[in-house]
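In the two assemblies presented below, chain A is common to both, partnered first by chain B and then by chain C.
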Partner chain A sequence: MSLRKTSPFLWFILPAVLVITAVIVFPWAFTLWMSLFEWKIGHKAVFAGLGNYTELMGNRRFLESVAHTLIFTALAVAAPLVLGTAAALVFNQKFFMRGFLRGAFVLPMMATPVAIALIWTMMFHPQQGVLNYLLSLLGVGPSEWVYSPRLAIACLVMVDVWQWTPLVMLIVLGGLASLPADPFEAAHMEGASRWQTLRYVTLPLLMPFIMVAAVVRLIDALKTFDTIYVITQGGPGTASETINLYLYLQAFSFYQIGKASAVVVVFFVLVVALSYLLFWLREKSKYYE
Partner chain B sequence: MNAKLKKLADRALLGLCVLLLVSPAISVFLWMLSLAFKNDVDNLAYPPVFIPHPPTFNNFKVVFASGPFFQYLINSLVVSGCATLTALLVGVPAGYGIARMKARKLMMTILIARMTPAISFLIPLFTLFQLLGLTGTLTAVVITHLVITVPITVYIVAGYFETLPHELEEAAYVDGCSPWQRFRYIALPLARPGITVAAILAFIFSWNNFIFGAVLAGRETRTLPVAIYNVLTFEQIAWGPLAAAALLVTLPVLLLTLFIQKEIVGGLTAGGVKGG
Partner chain C sequence: MKTKLQRRTVLQAAAATSAMAAAPGGFAQSAFDWKRYSGQSIEVHLVKSPRGDLLQKYQKEFEDMTGIKVGSEQVPEQQSRQKSVIEFNSGKTSFDVIQMSYHVQKRQFAKGKWMEDLRPLFANTPPEFERADFSAGGMFYATQLDGRIDSLPLNLDPWVLYWNKELFAAKGVAYPKSYPEIMEAAKKLHDPANGVVGFVGRGLKNANVPLWTGFFLGYGGNFFDAGGKLATETPEAVASAAMYRDLLKNTGPAGVAGYNWNEAQSLFLQGKAAMWIDGSGFAPPLEDPAKSKIVGKVGYGVMPPGPKLQVSATFGDGIGVSSFSTKKGAAFYYIMWATGKAMQARMLATGSGAPVRLSAYRDKEAITKLTVPVDWLNAVGESMRIARPGLPIIEPVTEFRDVFGIALNNMLNGADVAGELKKATADFAPVLAKAET
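On to the complex of A and B.
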């Protein structure tokens, strides 16, 4: 009976299921299969079992890229969460031209990443870059920016924060719009100050939305490619090489398809594990509230 | 009087906050404009020149002279257009189906696809296209762009169909309308705003995509983001033309975002979606 009832709708989703199987599910399965082979494009694939994986675990460059990815991600999640939540609180107020200004604030995340990465590259230039000029106005000496191995990741985080804070703002703003009015009225009646209302009413109520934003941001930060590729290409040396950059190099510069597939699998496990960790932390923190 | 003063101070503080938030966001784009309309001497001057004086269109001429820019523009339009149309064709009915029969597995697949980096789709598809002799063709690029456009479309459209009231469709059901008729004549017209937003976002994220084209496109089949990266960065290091090309690629997206920011904001908030 239930099958009869739902089957007409199956025809609606069938085309999408076929397309998704072809371009999404098939690549996943194929990747998993390829990761078991020692395979360079143009050569014969030789079965290697888990050889690619054991090799990765002892590969210093890969492990460093994991560390770079974790540092980059931690910073590129934390900073936009704080700034984006603050921005949402501001954009939740009513003011002149709010819609237009909100649109302007969202521009960085909609703009073509390659285009803005090129502009940031020019801004970072140690001699002619506008950022060093701005520093000099503040009386600070010139910086090497992305040309310094020590600062490269921090600079890339800066670009990422600039680009993706708007997304956190949008998610939290959506949350603010859906909050019930009663707790705020109660807080007002009790004579809570604005700071107290924010700290003990608004933020706790917003927590679920901030967590959603955190997960979205975590996934996107781990996946960051375009800006890093255009601005530093993982350099100087390998100072800002993330897993994604390492992966690209293995796959499309060295054509080590088998090894690259193993990197994808490890990467994917990392994404899922970190997402779960965030959910787990959230669940755990609930008991202490 | 005191209350009035406090209110005034509040407004001033709010204005300051807005200024602090919006100015970093737009200043990079203003700098892009400045670089694109200055001559080379001014672009390399230190201290930097901020306002182009007089503004020059020379950089744009250099861009168009440096390669088949119109060809790349057409490539981009074809790739994003085809990928978006295909996504609508399969994604809108799927969104309806999902909303009506709660297809959790398909939705889960789409969410996991959202978590997977673009390169992981590229390696198998690249290998496959090599076997089929499709690398370097627009077809290959269009197929990979479906990875971006289909999930966005399904996600947003399914969400929109779920918000539609069921009563009309139930009445049509009682009157003997088939599921297809209910979809075609009732749900589809009602869902037009949601479908429009999905189409626009799918198109923008496909338009912005770099990596699929960078790996799969040949010299003649490059999309715009690949073209500005490849052609201009390697063949000349002049900042003016580079900024002009960057501006040409991203300006349509920026204008679209500003003009229909309300719809775009709504669509983005719905799923926290992003392509690639």
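On to the complex of A and C.
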């Protein structure tokens, strides 16, 4: 039997297969291959087997960067979900200038992350920043903000939350608009209070949308590089060094391509594992099942 | 008030080699065939800096003189370093000429033999090029361990002590003459209640290392012992790191662990810091009324002597020809012009850097046109005399700065000085061993 007769569809998918192989499969395979070498740019590549991986597993700084990434991600996902959902519930109500205020609320999301990071850097400045000035108006003493190793991650999360809460709000608002009216009418007829309606009707119905927002935020938060690089460069010391920062340092400051490739592979596994976890939670949250 | 130029000092300074007197003048005066490569085009990769601005500003002069068309770009330092390494490693560069930083790229470029050895090209140079006019410090940086000269020095950057004369006078404090006096003065001038700190400097990891190494050298420290072993946990290293920590932590601004030069400069030019130690290139913004509140009040001082040595940690830039260039002749013409007497005099006059050519410091016109105080020139000249490389000349210098930068940063946040140096030395030793084998 000829190929043409049995599988004509193969010819249609061939271009896509070629493109995907060239831009996704090959780079991945090559990264995986490079991660097996000890290779610094300008030096000979030496096959190291899993040497880069075993080195990473015993590397305290790398493990700390994984911990920082997980802490940053957990906070930068959870806080916008709560605040974004609350904002969506507010903006779903009818009130004066709602359209204008909705527009104003989503503005941070539209700005360039590097520009935002530069402005926040100035605001965080312990001596000349506006944040300490505002604290002084409230009679509160100055803070070191991102210049303190204890506060650096929390401050970076604050910037991320400020920028990305509007995204969650938009997704949840879209979900609210598409909810069926029947359950709300039933709840009303059963005499449910506003809180009970929110807790037992609105939020369960919204959960699939919130989970979509969570997946989007998770991937975004894990990838965060620009704002952290501009504001703290992973410091003070290594207090806010995430995997991305560590990876950048290995690849583009130290030119350790083999080790950097191994970091990429580990990071990829982490992203996939966390994404699957959220997808699984999303499936579990579907109200019609 | 401008101080009279200490001419002898300046001459001695730049003259680490014996100066060969020569009348400054333009290249075009000689019979040398500057039109030899007329019609060719070259690409020049510059680092974003006042030197880069200057070269681009006068680029047309070179094009008119040689008939060579120049395409030049200025790229920020970090991005420039990445771009150059990736392009060199690929075996093909988009540029024929590249500006390099000696303290980071010298050994790296040498290992790959990425830059053209210029020695054979020196045979065909105009008389006014005069290689002996380059200071010994500059040529030391430009010469590789194997004797290859694969770049020409463009400028040196000795670290100086900027001090706020008004704040010093208000508290009756004199300019420090030793390391303990720096500490003492910083304590007396530290007045956080009025928003003034006694001292400001780099605390940010990586960027902070030269401030410490300057002290380290003054304490008599060397990066390596006689056996070539890393000597960064010696008593000199510990004492200098303790000085670094105490100065910044006890008399510096809150959050200094996140300060790079720009934050330090910002505080100093607001009149909120009494002393600041950093590279010599900050006079233009400090004397610019649009940016600075302390115009005319800045003192430019030479680093006071340390317990063992008077040292100014010094860094430098050079410019060379890519080994992969197909227009090496035209590219060499460009670097002859870029490091020539006229351009070096312009660099001095505009305060864009500290020239490496001795003739620039004798150029009356340049000195007359000086747009920054003569005090600055005196400080730079004196500093050149006591200049020492501020970082070890090794390939993994970025890793050195990273590892020790984090250690210094941790010290500012309360970690033990000796413990941090011990850990940093242990972390860095294998990196060094691997890179240098």
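Keep in mind that, in the parts below, the second predicted complex is superposed on the first by the 251 of 289 C-alpha atoms of A that agree within 3 Å, B and C clash if a C-alpha of one lies under 4 Å from a C-alpha of the other, contacts with A are read in each partner's own complex, and residues count from 1 in each chain.
Just so it is clear, contacts are C-beta pairs under 8 Å (C-beta built on N, C-alpha and C of every residue); 3 or more make two chains touch, one makes a residue touch a chain.
Just so we're clear, the structure is a prediction, and the values are computed from it rather than from any experiment.
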**OP:** For A:128, decide between first (touching chain B), second (touching chain C), both and neither.
**Re:** both
**OP:** Please indicate which partner A:30 is in contact with in the superposed arrangement: first for chain B, second for chain C, both, or neither.
**Re:** first
**OP:** Using the superposition on chain A described above, determine whether A:41 touches chain B (first), chain C (second), both, or neither.
**Re:** both
Original post:
Of the partners chain B and chain C, which touch A:280 in the superposed model: first, second, both, neither?
Top reply: neither
Original post:
Counting only touches as set out at the top, which of chain B and chain C does A:148 meet: first, second, both, neither?
Top reply: second
Subject >> Of chain B and chain C, the chain that contacts the larger number of chain A residues >> reply: B
**OP:** For A:200, select first, second, both or neither according to whether it touches chain B, chain C, the two together, or no partner.
**Re:** neither
Original post:
So, does A:252 touch the first partner chain B, the second partner chain C, both, or neither?
Top reply: both
Subject >> Contact residues common to both interfaces of chain A (with chain B and with chain C) >> reply: 41, 127-128, 252
**OP:** Give every residue of chain B touching chain A within the complex, in rising order.
**Re:** 11, 14-15, 17-18, 21-22, 24-26, 28-29, 31-32, 35, 43-48, 86, 89-91, 93-94, 96-98, 100-101, 103, 106, 109-110, 113-128, 130, 143-144, 146-147, 150-151, 154, 178-180, 183, 204, 207-208, 210-211, 215, 224-226, 228-229, 233, 239, 242-243, 245-247, 249-250, 253-254, 256-258, 261-262, 264-265, 268-269, 272, 274, 276
Original post:
Which chain A residues qualify as touching chain B in the complex?
Top reply: 6, 8-13, 15-20, 23-28, 30-31, 34, 41, 87, 90-91, 93, 95, 99-116, 118-120, 122-123, 127-128, 130, 133, 162, 166-167, 170-171, 173-174, 212-213, 216, 219-220, 222-223, 225-226, 229-230, 244, 247-248, 251-252, 257, 260-261, 264, 267-268, 271-272, 275
Subject >> Contact footprint of chain C on chain A as seen in their complex >> reply: 40-43, 125-128, 142, 144-149, 232-233, 235-238, 249, 252-255
Subject >> Residue ranges of chain C touching chain A (in the complex, touch as defined) >> reply: 82, 85-86, 88-89, 108, 111-112, 195, 203-206, 253-259, 263, 266-267, 270, 272, 396, 398-399, 402, 406, 409-410, 412-413, 435
